[in-house]
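Think of it as A, B, C and D in the order they're written, each chain with its own count starting at 1.
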Amino acid sequence: MSLITVEHVARIEGHGTISVELDGSIVKDVRMDIVEPARFFEPMIVGRRFDEISLITSRICGICSPTHTVTSLKAIEDAMNIPVSERTELFRKLLVYGSFLQNHATHLYIFSAPDYVGLPSVFPLAETHPDVFQRALKIKKAGNELCTLVGGRPVHPVTAVMGGFSQEPDPRELEVFRDRLADLVDDAVATAQMFDSFEVPEFSSSGDMLALVEDDGYAVYDGDTAALEAGWRRPVAEYRAFITEEVFAHSNAKHSTSGGRSFMTGAIARVNLSRDMLMPRAAEVLASLNVRVVEKNTFLNNVCQAVELIDACERCTMYCDRLLDEGGTSVPVEFEIKAGSGVGATEAPRGTVYHSYSIGDDGFVTGGDIITPTAQNLGNLEADMRAFAPTIADLPYEEFILGMEKLVRAYDLCLSCSVH
Amino acid sequence: MFFRVIDKERLPDLIAGLSSEYEVVGPVEKDGRFVFAPISDPAQVRLDYDTTLLPPKKWFLPPKETIMRFCRADEEVVDDEVFAPPRVLFGLHPCDINALLLMDNVFLEGYVDPYYKARRENTLIVGMSCMPTETCFCNVWNTDEVHWGFDIFLTDLGDRYYASLRTVKGAEILDRHVANRAVSDEDTREFQRVVHRFKQGFNNNVDTTQLPVLLDAKFDSPIWDEIGDACLSCGACSMVCPTCYCFDVADRLEPDQKTGLRIRTWDSCQFKEFAAVAHGQNFREDRASRVKYRYYHKQWGYLSKFERVLCVGCGRCARACPAGISPVKVIEALQTGEVQ
Amino acid sequence: MSAAHTQERQMSSDGNPYRPWPARITSILDLTEKEKLFELRIIDPEIREAFQFHAGQFVEVSIFGVGEAPISISSAPSKQGFIELCVRNAGDVTGALHKKRCGDVVGLRGPLGRGFPFEAMKGNDVLLVAGGLGIAPLKSLINHIHDERHEFGKVTIMYGARNPSEVLFRYQFDMWRHRDDFNLMLTVDESDDAWDGEVGLVTKLFEKIDVDPDNTYGAVCGPPVMYEFVIAEMRKKNMDVDKIYMSFERRMKCGIGKCGHCGVGHQYACIDGPVFSYWEAMNLQGAI
Amino acid sequence: MAPRVVIVGLASDFGCQVQMTNIEDDLLDVLGLIDLQYWQLASSGHMPEEYDIAIVEGAVTTQEHVELLKRLRKTAAVVMTIGSCADTGGILALANCVDPDVAYAAVYGKGPEVARGRRAPGPVDAVIHVDYRVPGCPIDTDEFINVLSRALQGLADRTPVDPLCAICKTKENVCFLDRGEVCLGLVTRTGCGAKCPTLNRPCTGCRGLAPDANLEAARAAFVSKGLDPTELERRFDLYNAAREVTR
């Protein structure tokens, strides 16, 4: 028996180790050890005031901080029954999409692409393929600047508060940005085509796929949870009933199952469940790619992210237009502090994130629960790893490792999120 | 000086007219208070403002300004051009105009500061009469009146303005952009009545006789420790003060480290490092000595050079200080030996 | 007193007094572990010729990317075409300067400030007292007196350093030591075997001298703690408060009376000083 | 020769490392100044034996972190921390306010002990000496480039020591204290350009206590503005629960 380990897998957000137990070339066991230290966010928020919670939970993840902020605000607004304006929702959507743009560009180009072109990092591309490198930075930068425009800075937004925004961007800047987003569509299309051209192994994940869905749109900010294969659709408030979390000895992150089965969440799940809701250009490009209608090849999560980039650019252009044309206000609504419990769910770039809190009548939090996409994905990832490893076990060591790393990276893991 | 009268409803003509030739900066509302900001529409201008958050000094000495660009390899300045667009500062109260005159002493005497000078030369000043507020004490320093340092000064007579024209340029732009007429005796009588009412409106009357003596004699007074204990060393007072001019200079390299900028930023004598030198020596280490220095310099140091006190009684520091320290309170404390 | 004594011409050719002139380092001498002596020549010949200064004045040395530091001119005003700076490595700018090599270019602004009243001192005895790096500005004065020795009476130099390895300008002292028209006294706080001079604080040297109070000028420069004690000794010798001169070190950013950092009492060290008479200094609250 | 740099993450949300990638326009210039030898977030490869500069993100929460830091300190000539977690313990130190066993049970229930060598979260300088710091949650990219530039030139650390209000004034914000809202700018280390107040949000103290802050006077100022002075400490805990101050 021998044990292969890849410690602190590079180019993923957070610290994790791949372990493969081999008996000759027979794969005995495969694990993803999450060594990222626990940070105890859930107990940490207990005893803090309702208006500090989104500041704290934003720090679960530096990449999806806009999503955590928005989800956290929604959960507290749900608990205290605070409605927000449509304008506030539009700005929040821009914030979430800003993090999609920046995250997908980072994941695709900085984390994943080097695997497919045989490089240790993206930096050498700056010289060999300056156009690709510049495109990566252009999309990423637009994402950051969208978050900055709306939230005040790229990481950990400042302006998003309970019931609205502390400040709105200058309409002139919004106008400039709208044009910039419209411009970016072509870069997103080129990204999708590039990832479509990369060869990926034939593979089908055994788990189900879960994502938010809405009747009238590509669900990102709101919606119910739907399961692709199990076929159900349920309100997010019931998430505790359809997602079960379990603790495993080798991992500081918990694993999730739904109905006893592992599942995947993220771009591939969203595209599978809501592909009819994509914006025109995104839909058109998707149709032209090699991705099949119901696609369960985990490796194609990358292509699905690229399709979402196109959708995000188109959609945000539309949102900017609406914000510029329609009036309304995002000034925080007046509210009364009261006791209650609430749930918020949003699509983070890498899957659905759930926050739920209970608040006492003094406005201080008495309990909280957070499930991040990566925590949901880990069980499925290990199942995929177990299924995939034997198919490449006879490859030379380096290639075997690269194959496993590619699979892991396809999930766009966020390990610090997973151990929050 | 020459005088003209403008009907109140015609004033927007003047602002709009000036906007065609200059960048016009005037008082506008911000979150319930006022700031001097560029005007795009005469209706934005709030001539009923009490005082602005920052004084007009930022238009001459910006909070942060690149004074030169350099190239590191050959230790050479590549650019020290001053950007000074033609500008009108509209609606300045007498205290703020007087403050600029005090700043002029520093920046235009001795070594001339080319950045300040260029902006000063390219800026026209239109003054505006005001009414005293709670925190105003310009009466104490005689800075409630202003006789030069502006191009036009408008005194509000209710339905019309009494315009004092100090410069050729001022007379010219007034004539060009707004209907005006000669001053009648009644106008001048009304002007006197308004000024009288203004003078009656002050409620701060601190005794400033022999202030330099008081400051020197009380240099070691425990009063300063008491004030020092209350001070947050936050520097808010210096930032909002129209007559505080201290600055810091620091170099910043561009990310490629090849070229860089020499940047000056507003500084404050209330900051701990302000008087620190090498080898751990700091001439004003404790808060009390720093607070004391601010008042000492304003009311005696500057006076010893320019024969005026470096304060115009605008009251901004009193409003900005979270601990409520103000010139009036400090002077009173020195006189009575008690901090109120 | 103030404005009249300061140099008021705009320094730089384009009228920007903040803009340094490029100057080349033409020689570097290691004096001690921490101090080096730099010889600098302004590159532009016209400006180089026009550069006239008084002992006690200083320049702002500029290293782009790092900043500026005020440094006293150590060479004599009578020597033209170059200046000497004795610089201790004390931080960013001085540290960066220490890393420079002969032939490198730095920026220079000056001369700045008010120096010693050389003209008024003529015809009198002079007592110069330096502690540590305080010898840097005084050396300029000593050199100037040396060049016009016949104009002065008795010249006494007292110089104290912490230990023999920190004694600056040894080569100069060795020269002066053998002249009988300079009374040179060196002392160190802690001696070593090779030291043949005095041991103890510089104030101890006062026991050994006689002063004619009616016509002696004093010039003092050293660390802040030194002034009080040296002046007490001078006062014991009945020297006049307005004939004792001292140079002050303060934080400076501009050197031309704008930035406010060097405020001392009601004056600015950069334009009203750095040299003040003791009478003036007594009137500067918080100065000594 | 460009200095060899390693970038190391302890317990954190990676936000500051993400900010380091967020300097898109200057990324290549900055990378050109250094010889980047190890950055787990962005590149495959192993931590080298030798390097000159170690950039550390994250709070110290495990014994492994302590060992790692000691190794870094021995090897690197310069240690630079980025972000509140590394600088003050940051948000993570809030967990110090909760009994660790209770916290553990709340997250993992009765499950097996997986959190290795847990320690109360704290700042890097509680373990090793730090030469340069970029405070803030997250770091400001400009400040990061500037501090890195100073480190590369061997210039002194100039982390600001004064509170925030001065720069807030230059932004012409109406003071939150005057609006009856708690703002921590009075005691928080300046350098962020008063980011939050300028976006109409009170400062929450992410850059830590200004070394020259006057807490006593700040409490008095709160009282005079009709605010609860105990809120100053309570709010300040958010990013600074690991601080040692006399309460």
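In this text, a residue touches a chain if its C-beta (ideal position, glycine included) is under 8 Å from a C-beta of that chain, and two chains touch if they have at least 3 such contacts.
Please read all numbers here as calculations on a predicted model, not as lab measurements.
Enquirer: Among the chains, which has its CA centre at the largest distance from subunit C's?
Expert: A
Enquirer: Report which of B-D and A-D is connected by more C-beta pairs in contact.
Expert: The greater number of contacts lies at A-D.
Enquirer: What chain lies closest to the overall centre, CA atoms only?
Expert: Chain closest to the assembly's C-alpha mean: D.
Enquirer: Rounded to the nearest whole Å, what is the centre-to-centre distance of subunit B and subunit D, using the mean of the C-alpha atoms as each centre?
Expert: Whole-Å distance between the two chain centres: 37.
Enquirer: Which whole number of Å gives the spacing of the CA centres of subunit A and subunit D?
Expert: 25
Enquirer: What's the distance between the Cα centroids of subunit A and subunit C, rounded to whole Å?
Expert: 66
Enquirer: Measuring from the mean C-alpha position of subunit C to the mean C-alpha position of subunit D, what distance in angstrom results?
Expert: Using C-alpha averages as centres, the distance is 44 Å.
Enquirer: Send over the residues of subunit C in touch with two or more other chains.
Expert: 65-66, 91
Enquirer: Among the residues of subunit A, which are close enough to touch at least two other chains?
Expert: Residues: none.
Enquirer: What is the complete set of touching chain pairs?
Expert: Chains touch in the following pairs: A-D, B-C, B-D, C-D.
Enquirer: Could you pull out which subunit D residues touch subunit B in their complex?
Expert: Per the stated touch rule, the residues are 23, 26, 29-30, 32-33, 145-146, 149, 152, 161-170, 172-175, 177, 185-187, 211-214, 216-218, 220-221, 224-225.
Enquirer: Which of the residues in subunit D come into contact with subunit A in the complex?
Expert: 9-19, 21-22, 24-25, 27-28, 31, 36, 39-45, 61-62, 65, 90-92, 94-95, 97-98, 102-104, 106-109, 111-112, 114-116, 118, 121, 137-138, 195-196, 199-201, 204, 235, 238
Enquirer: So in the complex, the part of subunit C that touches subunit B is made up of which residues?
Expert: 2-3, 6, 8, 10-11, 14-20, 22, 62-68, 88, 90-91, 94, 104-107, 224, 249-251, 253-254, 256-261, 263-267, 271, 285-286
Enquirer: Write out the stretch or stretches of subunit B touching subunit D in their complex.
Expert: Interface residues on the subunit B side: 30-33, 35, 53-54, 58, 63-64, 229-236, 238-240, 252-257, 266, 268, 271-273, 287, 320, 322-324.
Enquirer: Quick check: in the complex, which residue numbers of subunit C touch subunit D?
Expert: Where subunit C meets subunit D, its residues are 65-66, 91-92, 95-96.
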